[in-house]
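Right after this note come the structures.
Next come two complexes, and both contain chain A; in the first it sits with chain B, in the second with chain C.
Here is the complex of A and B:
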């Protein structure tokens, strides 16, 4: 058997699965978003669903909110993850235990994190009780709304909680494979600690941080259960809105749901483009 | 190397490290406490009455939590085994060979890890209607393969990149059949990858929510769906108990694979360097 045939046969099951189910799912979603459904006699594709969502203030507010959630969560998580990796790359007593605790929530599903954040930050949650203990508030409703709030603070807190270790572990592995020699050279040439970080280490770890952030951004833009637990009813995050539209009793809302799914897919396609561009550049260099 | 930092920077480091670790563990604590609480009202910092009621309910035959746990384990195991069967050959192709279009193939396999489930599952749902796969366990397992398969392929292609196929050729030249070679040479060599990739795949399937919700259509209730229902109906004590059960496999897997997850040979870290 030639190598070519071998490669083809080895890849066949995985690729046919991904092409059929993943890309097939996307393609069907795209067709239906154009109102094209030959099975039930809709044979003339049109852009009505897109026209309808792009002129609806609910969609636009939802899109902006979701973008805000994804962008803010990604930036805060990345910065804190770099800080965490800088702390954890050192030798210290109890490092194994700290490393274990640092990675613990990598395995905890987002849904559990969301419920935990709810119990911590709701108006009758742990922090509200602490505030009452110290006499800062008298009633639950005196506590600022940090969940179900218009700024999606609870959702962002959940993502920051979950994604610090995700990005952190990647950055840490990155730092450990680089070693500290580059920084030592910079330091011995008179760079301050900050300069050695800013001009030597940061550019070296940046591609890794970026590729991890891209994954986090796409995830936080498209996750359903976290905003469903912690988000306000209106405006809801885009995945929640899309699900609501899809399961609406009015079947005419389905193309709109599909159009929203396509918007989410397009945004993640942009993320994949960024990811590939930066990882390729890294492989070349 | 470095000048030792002053007492100030050292103190800063210890404090920020402590804050970091506390923050990462914190959300799990009220969940754990709630599972043992019996009425825990504002502004009590700790429950006045402790009880095992929530746990008794969770393990009772009538609650259906245990059935749901078995179903979730079954679905995740099935998705894992299928990922291994389909993913190992693909990992071998990507790890051992260079070929035209390899980057495109890698990209296609990587895409489902980045594109959110909701973006594809609505389309799949409308196809599954005609195939009769909606509201079935089979349908849920199939759809779980979308997120699990890429991880399996990624881990296996890393394993095969450091694999020497000439051992197989030697076994064959000494008279071993293709099947024997596969069983006695290939499988033992790639076993660590199958284990790590399999555990990854299991956890990824274990934490799926929206795919199960939509394709299962409320008929296939896995643990996260049950957890969501209790959480949104303010049964905090039962939510706490189910939540504790739900995170257990992940913590066990982390304990088992701590070596693989930390330091240079980071399996998770490896993901960022693909």
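Here is the complex of A and C:
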């Protein structure tokens, strides 16, 4: 048996899972989004579902909200993660403990974190009660709306909390493998601390930051459970809206749900494509 | 033109007890090219980083022209350090790398590109400005690193192992380039190396550091002819150490009674002399003559190494291959040790 055949056979179990579940699901979704459902007699594929969602103001508002959630969470977590990595790469007393605490919530499920946010930040939550207790506000429900709010602050808080260590660990490993010599060179050539960061360290860690933040963006754009728990009813995040359409009593809403899911998948695919192209160009140069 | 002095410079790294550098004091004159020489891990690079402000000393002082610079930030010291592995910024072109220091100083684009051009000429890479560092050979990267340092017109230039990553033929080219530029620009330059040959060919003065301490700071020849102790002599390839005693003019040992040069130390100690200074052949007028038996002979192309037995001592000698062609193992050879080549290391 040639090596090539052996490698193919060894990869087959894993590959069949990926191909069947991922591409299979994607293919069925795609067909349904084109209104192709032989079970209920729909045999003529068309673009009605897409036309319907792209002209619906609900979809557009959801799309913008979801983009806002994904973009804002990604930018805030990336910036804070870089800051945390800059601190954690230094030697200081208790570094191991801080490092452990920093990475602790990597193991906490998103859902558990969301419940925590709910308990702490909602208008009947701990912070609202404390603020009322100390006379900062008259009643707990005067507390600013941070959960179920139109700006999705609760959702973004949850994602930032969860993604800082994720991006941070990647960036920290990146910084540690680079060492500090490049910045030393820059300092010795006349760069201030800030310039050494801006013109030397940042460009060097940028590919790592980018890869981590693309993953975070694609995840936060497509995730359902957090906006379902912490989001406002209207406008709802895209995955929530898609799920509502999917479970609608009207079967005709299903192609729209699938069309939304395809839009989410397409956006993730575009992100990955841009990322791969960009990093390839960088690596080549 | 800047005179650099190190005063009792000491570094103990966090979590360690032994100092990596122990009270190093050195004066490097303005415009001089000095080498810090020592085996790896002896504190050389640590010293450089402390001069450049990239590492804080545990105690001691670094002074430029008599003024302490320890409180100055690295970018304000007028010191540029060139690292051993060059560390060119991989995402910038060669020209951008060289112009980096000027960009940090907010020098205009036109002025920068003019000076980058000058630097590229100076290091003899006039056409490579648009290349990426990864497209350059090791020697070319080294020159770019040098140009990137020189463009900011530093008062003091620090070079970390400037020749050790280069092939033999490039080393001579680079040595000539560094020496030439250093002489032309008159920059006080300090470089570190673990290779005594590199130190000897490049430096005006050499500081030998062993186990974190300064052994000797002198011109290169002194290390060969007047080493301060056996470890120093051995570092420079000295192999002959004969125990005995000196009265200041003669040395009594297993080799017999030998004439010493003026100013030799007296008391119990060791006599040392370089293998290449052992004279082979019968010369009636020579002083310190003796007869040796040839214990070993190794032809090495341009020279022949000999081991000679005299009165129970085994000494090393290096000879011209033609002079010793007729001798073979076990033969008796007349040799002499000119007094000027002898040096006494007092105990």
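Assume the second predicted complex is superposed on the first by the 275 of 285 C-alpha atoms of A that agree within 3 Å, B and C clash if a C-alpha of one lies under 4 Å from a C-alpha of the other, contacts with A are read in each partner's own complex, and residues count from 1 in each chain.
Convention: a contact is a pair of C-beta atoms (placed from the backbone, for glycine too) under 8 Å apart; a residue touches a chain by one contact, two chains touch by 3 or more.
Fair warning: this is a prediction, and the values are worked out from it, not measured in the lab.
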Partner chain(s) touched by A:199 [first = chain B, second = chain C, both, neither]: second
Partner chain in contact with A:26 - chain B first, chain C second, else both or neither: first
Touching partner for A:116 - first (chain B), second (chain C), both, neither: first
Dominant contact partner of chain A by residue count, chain C or chain B: B
First (chain B), second (chain C), both or neither touched by A:187: both
First, second, both or neither for A:141, with chain B first and chain C second: neither
First (chain B), second (chain C), both or neither touched by A:91: second
Residues of chain A that lie at the interface with chain B and also at the interface with chain C: 184, 187
Chain B - residues contacting chain A, complex: 1-2, 13, 16-17, 20-21, 23-31, 34, 42-45, 85-87, 89-90, 92-94, 97, 99, 105, 107-127, 130, 142-143, 145-146, 149-150, 153, 203, 206-207, 209-210, 213-214, 224, 227-228, 231-232, 236, 239, 243, 246-247, 249-251, 253-255, 258, 261-264, 266, 268-274
Touching residues (chain side chain A, partner chain C) in the complex: 91, 181-182, 184-192, 195, 199-200, 203-204, 282, 285
Chain A - residues contacting chain B, complex: 3-4, 6-7, 9-11, 13-15, 17-19, 21-30, 32, 39, 80, 83-84, 87-88, 90, 98-113, 115-120, 124-126, 128-130, 132-133, 140, 158, 161, 164-166, 169-170, 172-174, 176-177, 180, 184, 187, 208, 211-212, 214-215, 218-219, 221-225, 228-229, 239, 242-243, 246, 254, 257-258, 261-262, 264-265, 268-269, 271-272, 275-276, 279
For the chain C and chain A complex, residues of the former touching the latter: 14, 49, 52-54, 73-75, 79-81, 83, 85, 87, 89-91, 100-101, 103-105, 132, 148-149, 152, 158
